[in-house]
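Order as written gives the chain letters A, B, C, D, E, F, G and H; numbering starts at 1 within each chain.
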Amino acid sequence: DNAVVDLGRQARCGFGEAIYGEGKSADLIIQIVRAQLDQGQQSLVTRITDEVAEEVSRHFDHCRANPLAKTLRIATQEIDPPIDDQSHRVHVAVVTAGSTDQGIAEEAIETLGWMGIPVRSYSDIGVAGPQRLVAAVPRLREASALVVVAGMEGALPSVVAGHISAPIIAVPTSVGYGANLGGVTALLGMLTSCAAGVAVVNIDAGFKGAYMAGLVVRQ
Amino acid sequence: DNAVVDLGRQARCGFGEAIYGEGKSADLIIQIVRAQLDQGQQSLVTRITDEVAEEVSRHFDHCRANPLAKTLRIATQEIDPPIDDQSHRVHVAVVTAGSTDQGIAEEAIETLGWMGIPVRSYSDIGVAGPQRLVAAVPRLREASALVVVAGMEGALPSVVAGHISAPIIAVPTSVGYGANLGGVTALLGMLTSCAAGVAVVNIDAGFKGAYMAGLVVRQ
Amino acid sequence: DNAVVDLGRQARCGFGEAIYGEGKSADLIIQIVRAQLDQGQQSLVTRITDEVAEEVSRHFDHCRANPLAKTLRIATQEIDPPIDDQSHRVHVAVVTAGSTDQGIAEEAIETLGWMGIPVRSYSDIGVAGPQRLVAAVPRLREASALVVVAGMEGALPSVVAGHISAPIIAVPTSVGYGANLGGVTALLGMLTSCAAGVAVVNIDAGFKGAYMAGLVVRQ
Amino acid sequence: DNAVVDLGRQARCGFGEAIYGEGKSADLIIQIVRAQLDQGQQSLVTRITDEVAEEVSRHFDHCRANPLAKTLRIATQEIDPPIDDQSHRVHVAVVTAGSTDQGIAEEAIETLGWMGIPVRSYSDIGVAGPQRLVAAVPRLREASALVVVAGMEGALPSVVAGHISAPIIAVPTSVGYGANLGGVTALLGMLTSCAAGVAVVNIDAGFKGAYMAGLVVRQ
Amino acid sequence: DNAVVDLGRQARCGFGEAIYGEGKSADLIIQIVRAQLDQGQQSLVTRITDEVAEEVSRHFDHCRANPLAKTLRIATQEIDPPIDDQSHRVHVAVVTAGSTDQGIAEEAIETLGWMGIPVRSYSDIGVAGPQRLVAAVPRLREASALVVVAGMEGALPSVVAGHISAPIIAVPTSVGYGANLGGVTALLGMLTSCAAGVAVVNIDAGFKGAYMAGLVVRQ
Amino acid sequence: DNAVVDLGRQARCGFGEAIYGEGKSADLIIQIVRAQLDQGQQSLVTRITDEVAEEVSRHFDHCRANPLAKTLRIATQEIDPPIDDQSHRVHVAVVTAGSTDQGIAEEAIETLGWMGIPVRSYSDIGVAGPQRLVAAVPRLREASALVVVAGMEGALPSVVAGHISAPIIAVPTSVGYGANLGGVTALLGMLTSCAAGVAVVNIDAGFKGAYMAGLVVRQ
Amino acid sequence: DNAVVDLGRQARCGFGEAIYGEGKSADLIIQIVRAQLDQGQQSLVTRITDEVAEEVSRHFDHCRANPLAKTLRIATQEIDPPIDDQSHRVHVAVVTAGSTDQGIAEEAIETLGWMGIPVRSYSDIGVAGPQRLVAAVPRLREASALVVVAGMEGALPSVVAGHISAPIIAVPTSVGYGANLGGVTALLGMLTSCAAGVAVVNIDAGFKGAYMAGLVVRQ
Amino acid sequence: DNAVVDLGRQARCGFGEAIYGEGKSADLIIQIVRAQLDQGQQSLVTRITDEVAEEVSRHFDHCRANPLAKTLRIATQEIDPPIDDQSHRVHVAVVTAGSTDQGIAEEAIETLGWMGIPVRSYSDIGVAGPQRLVAAVPRLREASALVVVAGMEGALPSVVAGHISAPIIAVPTSVGYGANLGGVTALLGMLTSCAAGVAVVNIDAGFKGAYMAGLVVRQ
């Protein structure tokens, strides 16, 4: 009874309340999921540990856990994987700078799966190897919104934005060390981007980046 | 010859290069504007002082200066004021928390004018007087994207997002003192919003907030 | 003999010295508790681990441990749970924004129990689901002081203060990640609140928030 | 029309909206004051410059400007100075550590005047000269709430709290240089006070400190 | 051969090189100690873990480990405990604010033992219980230098300095949580002390505080 | 007599002591320049205001002031402008991201002039307009060292480094606002560059960037 | 009557209360000085502007203003300049790294003059020209305490401490730009000095550095 | 397929992509190494744990692991240890301040080994024992570039630069505690060095320091 699930959020905001998994016990999560399923809402838990995800999964019939993403989805029926778009016109592109950023990209992709929005994924095309981005530009220009995930100095969103007219949601990651200050450097860099069409969400917030891009696509 | 105007940006990104006025001489600005007008592009100068705006204006026939916004627009023909939407379906809502945030909101509105995108403006409806926001919610829900401008603790975007399904671009301002740290507090607060559909741009970046919202609307 | 218990504090300040448990051995805590009980004072230990709490408890007859709160109370007679007010006029309201903030709220409630002050508890009514707070406002207005506990951007105290005339003690929590900077963002946001009747205590300081509210009620 | 005055605040919160003067033009302030006076509310403007205060004053019959406090009060009838309590039981004590903190203390005293709450003032009794505080303690113990104003390391609230059972609102000031970081050091120090009955407001926030103490006294 | 022991430091600076134990293997420490003993110098290792201390101790005949202080002393002959002064005129006073600061005080006392300088120790006399300090003042005034150790807001050195004419070396500790920022708050507070006769060393630097006080006494 | 000019630096380090102009009176600068000229050394003053530069210039026969660079050079004979390389093999490339960075680039170019090292300058080719850099790459690859000057998010050095094998000295500038934190964001970004061949100097340190690149070229 | 002069400080602490001039009006300073002179105490005002110093000086017969130091001394009889020691055994050495640090050194020297303690001054012998320090070492070793003043990276105290057995009080200055963060970098560097005999005071705190060194010498 | 190895980097930049090992699984590293070996490129993995290094090593014939450096090199033929230069003219000097900095120096030395560039190593010659550096200066002057590794206050690069005309790459380390802020203090100090010929890389970035120095030597 310490949780008051916001069951009206789906009606007001278009999607239900995602469950922030960090620091929550399996018991608390199960109680919230039950309340959501009862209302015919799908559940998405983010930032959940493998142990808690496993324990929660034992209580429901239809679950989809992604350990790299640290997400768990639960529904009253079979859950499909996120829609990997190759031909749709309307989709979100999820881009990473380095291979170590993939976990955060996976959180974004799972969120788009939960929202029912198609996605195309581009991995490890950061600025140190510029030909990788150049090769991707023509396909990137087909997306309706982009989620660009990068750690270290976080330069990739600025560089992508130089080629693209769709809105970009930049997700800084905590990948790096020393002066990267746990992702604060990438965050600040993205906020002061010399490119105009870039907005930013919290460090490692793959969920928020995807949610925002998903809303854009739905408008 | 210290400026290399990016004349291809309009083709690549949908809109030309806005001129960042801070620290630029009138001479340098005039030179850049000339290059843009020659290519049939409209100019938008941001963060320009009254003195420089006046000097630049003397060199062109069609200008629109907004001193509160600290912007200057220049074109080869008459410039209309931003389109104040009352009936269009597709528009951006620009919202402020306090009356001191109005300058940044004006920068956003001028930018939307330059982009040719309709706008509705809501001023001074911050959280300390909650009935003000509640009254505005039904009309706010008609916008395709929102720019929410707030200083001090920057709580307004989170609260608006609890009522709305369109994407919100939050613009933190430097309004406040002491622990507001020149706007950093509002910025950090908006980034860690408990609401999902909020992305953030730089402190006092009315231009970027509007540009991003404009791109959303155009998708 | 490394501890000089401040036994006069109860006379000077109204309540005895709470024992800050972090970094203290069970032996040291036992020695301090003994000195307090000898003077007819009740003991409250905060931020104590389960292991140390258990070890200390073995040495005394009347203990009340709350593992979620990380507190331990010790007295020379039976200890009642905190008084859950439903009808008293004079009480403190303890409010949380999210269910993950509950541990800090529990520390506050235990502290009010130790002070002998009635309390009403409201959980998980943060701003992302605004109807939850609106529903609680009429009862919240009956409190003589409020302790409002919130992590992430810490917007709840500002929003509550827009509805209430009693003084609010805001307790920022470290719930969140990235730009929440271990609770510093919530702390700064609460300090720069646009609402006037809000004062702030340290991050995760449920004890201090409750102590301050308790003093208010006793005036 | 960029200002939406929160005229219901007096009913909801006990006192009307104080006008934050920083960055507001005389015109905007006059417009807000007019709206408040029309509703029978007194106005308090804080952080106002001498020039703006003078210009605003020319438009109203009953004003009280305090340049050291940087405040301006406006009403529909004669304004008395704050009530200097010598015999009342119920009052707020306003204490400063150094003589340079007096401006912030004055802002607090004017705010209490506007609230109609008696005040006793103690100046320049900081910890470097400990006998000064010791001499004041017996009278300080008669207050129902204290506002303690200090810059530099901000140690005074902790030390006062060691002697007192009333709640203390600590106001850090920006007095000092170097490692005082514009008041952030005093702020952080007060937040981590080893004394329990201390809550904190923003740097230089004499208004907030007094408002909070005033609410305490009114409960 | 990665260590070049500075064997001339005793001649140049009065005392040999203390060995900073953090991050050093037992092997490396043993090698350095051997080089020092060979030159007739005593060794002091600081910030050493229990495990490493034990392993190092097995290689030498005369050792003195203090696990609370995290120090290890090694010599070619019997090592006496630090001289606890009760009658000497010339000594250093080591003072703590809270009982949790004792580990750092112990590091200071062991360092003074290694320097051969008498010491008087005063524990847990912080400002929240002011009578504790007042009682100690007459004896504190007999010291030639003081090391004052405090965490949380670090107010104690300022308050002691108000009573004393000997120089005070303030040692901030990391005791506390939240806004104490790992000791940075106490450090900044001590640096901006309103009292003149206070200089500061690094956070948790009991060694440096004592070394500096020891040099003062030797002048 | 408050200045002890380091006249041996030219012999030890290859170049004389540059005079840091900030906060120095014209008199002090004249005295230092005299000492250098007497030893047959050329003088370079950096960060000098127009007024002081003018006053100093009146005392010497051969001066070269660059107000945009805020530098002044003084010698015992005619001073040539920096060598603008078009054909030499060995030169330093000085690159800027935006036209507002030009002042810092000029400081770098003047420093290379003082060192006698050829320079090629590339202005305003930042990442928002990517074709500008691509066009410059073939010529950039001819440099023996590069000084890359950028403000805002400071992404340019990382991107240049993806194309080049010569060492890059990155100079962050304070151009930008809000989250750029006076250049700290660009600085941190450059330090955490995902490209390997980038080292960094202080914010706005055109002098140091050039000096370092000049040393590289001379090896 | 907003100032309560601490006239007992001379008896308790050895020297009277120095007047912190920043933010104080001439009137307030005059009032405090009068109270001190009446008790037979000399006055020292620090951080006073030229204008205020001049106005205060007009009210007293015996004054000594040092505009570079921003100090003013006032006494009831003729004031001698600080004692420049050439032969005394017991003195304080005041050392600067660069010529721009001289103002802070002057504040230290004036403070020692007020305390009646002999001083030797060494200017501009920072680490970039190492032979300058080496030349001074033999004389530096005669001091009983050293005040070492340095800006930029603040390396000088560590290097001096490698040669000396007297205690060193390090005074960081705000000389520098960019990553020097207004002196915070020098401050932090001095606090983490690899040398043991170094304690630190606030940024630009020439007064405190000298006061502390003076106390050392008096023990 | 989450990794897009930048196989063209060797051609563009002179050396292949080093593999940043932190957060990468053994599987991912093996996949990247295979791609590099297939192109005839040697692999260098940095910041790899012992466990992962061991697992990766089992899949290749020619490996060189350095656990102190936390590096792993892999090639298609026998790997020689880094070339320890005693007679070559052209080499890089790698210098450490303290013996605890050795791990970072080893990362630098392994990187130079991978680049095929000779190296001379100087350990533990920091400023607290100045004669150690003085003894090394003549040999240090023979290097074509220097990597200077230091923690705590990071003073060593400034001091070395006072003696040397080759360019210095300063590598701050996280060695130290408290006010060293995880290496940020050393980083900031090196960036504000009073010596001109010093550029800086990230905290603990032995790889980058060596890579940069290696590029200098190859020019």
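Here are a few things to note about the model shown:
We take it that a residue touches a chain if its C-beta (ideal position, glycine included) is under 8 Å from a C-beta of that chain, and two chains touch if they have at least 3 such contacts.
From a predicted model like this one, the values you see are computed outputs, not experimental measurements.
More than half of the contact pairs at E-G come back, by residue number, in F-H, the repeat among F-H, A-C or B-C.
Computed centre separation for the pair chain D/chain E is 42 angstrom, with centres defined by C-alpha atoms. Distance from the chain A centre to the chain B centre is 27 Å, each centre being the mean of its Cα atoms. Note on chain placement: the centre of chain A and the centre of chain H lie 35 Å apart, centres being C-alpha means.
In chain B, the residues that touch at least two other chains are 98, 128-129, 161-163, 178-180, 184, 187, 191-192, 196, 202. Across the assembly, chains come into contact as A-B, A-C, A-F, A-H, B-C, B-D, B-F, C-D, C-E, D-E, D-G, E-G, E-H, F-G, F-H, G-H. Listing the residues of chain G that touch chain H in their complex gives 97-98, 126-130, 152-155, 158-159, 161-163, 176, 178-181, 184-186, 188-196. Residue ranges of chain C in contact with chain E, taken from their complex: 1-4, 6, 8-9, 17, 20, 22-24, 28, 32, 47, 172, 174, 182-184, 187, 202-205. The part of chain D that touches chain G in the complex is made up of residues 96, 98-100, 102, 123-125, 128-129, 131-132, 175, 177-180.
Here chain E touches chain G in the complex through residues 9, 12-15, 18, 144-145, 161-167, 169, 187, 191-192, 196-202, 207-209, 211-212, 215-219, going by the rule given at the top.
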